[in-house]
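Labels run A, B, C, D and E following the written order; every chain starts at residue 1.
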Amino acid sequence: MITAVASMVSAPVLGAVVAQNVFFYLIAAVMVIAALRVVTTSNIVHAALYLVVVLAGVAAQFLLLGAEFVGITQVLVYIGAVIVLFLFGIMLTRAKVGNEDGLDHDNVIPAILTAVLLVLVMGYAVVDFAGDEEIDVLGNSPTTVEQVSDSIFSTYIVAFEAISVLLLAALIGAIVVARKE
Amino acid sequence: MNPLISSFLAINPPYWVDTLAKIGIGLVAVLLPTGALVYLFLFKMMSFMQSRLGPMETGPYGQLQLLAEFGKFLQKEDIFPSKADRFVFAAAPFVVLVSTFMLVLVLPGGPDTHFVDLNTGIYFAMAVSSVSVIGILMAGWGSNSKYSLLGGIRAAGQLIAYELPLVLSVVGVVIMAGTLNMKGIVAAQADFGVWFIIPQIIGFFIFMVAVQAELTQPPFDMPVAESELVTGYLTEYSGMRFLLFFIGEFATAAVFSAIGATLFLGGWTVPFVDINAEIMDYIGPLVLAAKMVFIAFLIFWFRITYPRFREDQLQRLAWKFLIPLSLFNIVVTAIFKVVF
Amino acid sequence: MTTDINAEFDITNNEQLRYIAAQAADARVNVELETEGMTLNIGPQHPATHGTLRIVARLDGEQVISAEPIMGYMHRGYEKLTEVRTYPQVTTLINRIDWVGSFANEVPFILAAEELMEVEAPPRAQYIRTALFEMGRIANIMLFLGDMAVQLGGVTAIFYAFRDREFVLNQIESATGGRFHPNFNRIGGVKDDLPAGWIKETKSSMQKVRDFCDEMEDLVVGNEIFQARCRGVGIIPADVAMAYGLSGANLRGSGVDWDLRRDADSPLAWKDLDWKVWTHPDGDSFSRYWVRLQETREATYMVEQLLDGLPAGPVMAKVPRIIKVPAGESYVQTENPLGAMGYYVVSKGELTPFRVKIRTASFSNMSISPWLLEGVLVPDIATILASLYFILGDIDR
Amino acid sequence: MYLVQFLLLSSILFCIGVYGVLARRNAVLVLMSIELILNAVNINLIAFGAFNGAQIPAEVFALFIIAVAAAEVGVGLALVLTIYRNSKSIDLHQVDLLKG
Amino acid sequence: MPKLPGMLVGLGVTAKTFIKTVFPDGPLAPPAPSKGAHTVQYPHVKEAPPERARGVIALHHDNCTACMLCARECPDWCIYIEGHKELAPPRRAGGKPRQKNKLDRFDIDFALCMYCGICVEVCPFDALFWSPEFEFSEMKIADLLHDKGRLADWMETVPEYPAYEAGAEVKIKKLPSPSS
């Protein structure tokens, strides 16, 4: 599916824009439903699996926007590592099959109100700001790995080094925290 | 634009026809080598290495044994453990299979014979191969069995640990080729003069070890260790779903062998033949299949001969030996690339 | 501050109790990441137990906190059954105790009965008995040599073991008529003499066994993975081994030089042979495997010596047709493939024994497993159980 | 395609993530909700990058965010494991040692 | 010469077995795995068990006197014998008619039998024999009860007693001539 989309991105075929819109709405709908299930399901492992769907959808959206490298990185890092870490964490702490109580706060009304208000405000702002701006996806040439890497290792080299140090620190920190004295 | 069909039939079909054809060819490209590997190596070579004949009754020399097994698994009851998480349990084999089928997409069979020619081909392959971990964890957890859970967690730990050497062993090849594109790597080997197995012998060794671990084949089969965990995350599966896992395992073996053949053995190329010749579109896939069978032979040879590691020894091997070795390989390769 | 322990710990406070329990668990097992405990039932149906043995293992992660073997799923009551069988009939039953080395099961019982009846088998019979005894040992231990590798994941060794064990079993069958249950021993000798050509074929099959031993040394013993899995796993110090009453290769693997074939006064022909008792000082799973491998090879030479020195003569002493064993009691134990096996036979002068107590090697060898399995990892359970080498029939009888 | 599609999708995901952070009391689920928020931001970045023709900086930033998210999950789960070890629960309501 | 790593030696063992199995006649001869393999394709090829193999028990009617010794000595009592006495014609002309045990029923339940051979051994009249024949499995367990006629049929498969190894002092027994 994703590769079909990807080959369309590089294809100046008539109707590709229509197909892209169709795919966008399909994937977006799946993502929103899955995201809602992530925050409402009463089974932690199910939440993690729904999160997989959301993250795969995000990767698909990246492909739709022509960001191939980021999309694949999303799959590699998020689905291949982060989710597995989550599942590990869940199974190490508790691996109960079935629903659990007490995953939500007793009073979720304020949270719902906050989220709904936020989405209304942001939705209004977004529509107001970019109501009819069109992305010329087909006009953009798809980015190559060379471009991304050149950019990382020239313009953003300091940020890259900082990220490296951060990852190392996080690695050591995680080991130190999780390890028993 | 539609290389598969246009190059063979000299017509330019609409997009959806091409996609359907690709899906069909993809199914064949996954299932045919899988069956061939199972028959050749699991049934026959393994038997011969153990002084026996293997299946002989179904068809000449037991060639139809696979079909018989297929029929047997299809008619078995699809058992769900009573306290299993039904949805997760049912979906797990498909997740594993999807990962396998997506792996095959980036394999080039000739200068114009490919499914998709991704700019980031090998990177894509490494990424989607990691998706199968989710399926295995789902199977292990969803079965609601202690053996399955232990097997699933072992599998996940193992696959994570060996993802890294696998990717790092490929990096050496990528540095030499200067591209992530699979076809580019093949072309680079043709330009370089020798296949990358010669300059990247360390990388090839790490790749083989990591693939063995990724496939959970002996000596790295702790997730399905029969004498310890019955069959690990597969314990509760039966019938169709077990068959899917089985296909997934051997199809992944086939695809990884093909990836190894592409990265280290020059893909579809044969020496002294122009790699872009028209004829390569037709014999290229066959050449690739032959090289794939060679690498699969190594994988299955190790599988048959070796006992299995312990979980902690496996992790130690990955983190303390393979990863430093692959980093060393990368450094050496990079130095050579810059100097020469 | 006063140190009143009851004031510090309120036993009704669940959180404190949980904390104490957690601390206690920490003290028990030293693991890097503490996770939920788990009780794992290994068996009664499990590939590692090769039979219906059940081991209840309490796990922390992959580490075993405690393991308790539960035996008796296959109890067949041989001790009671022998009380209603005549002496010749008992032989039929008891060679089903350790079903892979069955000839050896009959010998100590027959020796005990002979001791009571004060008959002794003629030398030719003793030689044939000893040769078949050693071939039973070979057939038994070959299975172990393959099975241990298969428990560690190497599938191929077991096929070689079964392939070459077949030659030995064929020889046992062509001499006794039974592959697994020879029922060849009689009070006062053996049932029949050897068929013509048997000695030559047996010698060639012994050569095949030695080839198999070489193959195992290359395929299994020399393999670095196998050594990594076995060396230092399941170490039994010599004093612990003796305290638990281990015998056979499990004891010799701990460096104790004790072999009933040499150390006990037996009418069988071992005393006439030139052979060596193999020991290994390490006491781990690897040393048990190694000792058994050497013993197999040694046994092939013993069989060849026995066949070369086979004396002429009858194979049966004079015994009455209807056997009534005089009143009395005797205990005979021999060095069976699995270890020391003994029969305590009490007779009241009737057709049937009054009481037979069977001391089997596997039962004692198994009894060390809770001590041995404590603190090991789950994969090591398979290694240790395989290296202890028990036959379920020998445990449960 | 319109920019607003992606922006709306990202804001919806963001708000779902916010709801999750506020409403959940299981530490792992809160971490998952944070992942949702980060991914919403990433969609925004890539969409704006495609819109402005500045794809490369957008992609680089998205990659950095993915890296940071991975680090965050690693440390977060380590913390969760420590909390679990100390109180045998990952219920955020029970982690109130700082309350005094 | 430095010692090869054990893992490579192990690979050599399997490879050697592979070659030995596929090319039993040397590497130049055409491959013949069915010759090189140690297994036998059972229903097509049958192994010949040794003469002494205890496969199935055969009964020679004429020798049996229904003395019940075998049934009594059997450890699991799987032999069922019924008989009656009848008068046989005198051996010499003018003599008294002899009394003879006539066999009505002689069944062995092979589902119970332990194949120990005690019955064959204790038979004082050489009426029971071991046959190495082993193919008599049945779909129903009741069919494993072989009656007199079936047991007699096995007589044809009983081999001659083999000769003994040098130094033996046991007499070679003879099979009875087939009953008319």
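The working rule: a contact is a pair of C-beta atoms (placed from the backbone, for glycine too) under 8 Å apart; a residue touches a chain by one contact, two chains touch by 3 or more.
Just so it is clear, the structure is predicted and the values come from calculations on it, not from any experiment.
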Between chain B and chain D, the fewest steps along chains that touch one another: 2
Most widely separated chain from chain E, with each centre as the mean of CA atoms: D
Chain whose Cα mean lies nearest the overall Cα mean: B
Comparison of C-E and B-C by number of C-beta pairs in contact, larger one: C-E
Distance from chain B to chain A - Cα centre to Cα centre, in angstrom: 27
Chain A and chain E, separation of their C-alpha mean positions in angstrom: 74
Centroid spacing, where centroids are CA-atom means, of chain B and chain E in whole angstrom: 52
Chain centre separation (chain A, chain D; CA means) in Å: 9
Touching two or more other chains - residue numbers and ranges from chain C: 33-34, 156, 160, 163, 219-220, 223, 225-226
Multi-partner residues of chain B (each touching 2 or more other chains): 49-52, 304-306
Residues of chain E whose C-beta touches two or more other chains: 7, 10, 13-14, 17, 38
Residues of chain A defined as touching chain B within the complex: 2-4, 6-8, 11, 13, 43, 45-46, 49, 52, 68-69, 72-73, 75-76, 79-81, 83-84, 87-88, 91, 95, 97-98, 142, 144-145
Residues on chain C engaged by chain E in the complex (per definition of touch): 85-86, 88-89, 91-93, 124, 156, 160, 163, 166, 170, 173-178, 181, 183, 191-199, 215, 218-227, 310-315
Interface residues, chain B side, partner chain C - complex: 46, 49-52, 146-147, 150, 218-219, 221-222, 225-230, 304-313
List of chain D residues in touch with chain A within their complex: 1-9, 11-20, 22-26, 28-29, 31-33, 35-36, 39, 42-43, 46-47, 49-51, 53, 55-60, 62-64, 66-75, 77-82, 84-85, 90-91, 93
Interface residues, chain A side, partner chain D - complex: 17, 20-21, 24, 28, 31-32, 35-36, 38-39, 44, 47-48, 51, 54-55, 58, 61-62, 64-67, 69-70, 73-74, 77-78, 81-82, 85-86, 88-90, 92-94, 102-105, 108, 110-112, 114-116, 118-119, 122-123, 126-127, 130-135, 137, 140, 143, 147-148, 151-152, 155-156, 159-160, 163, 166-167, 169-171, 173-175, 177-178, 180
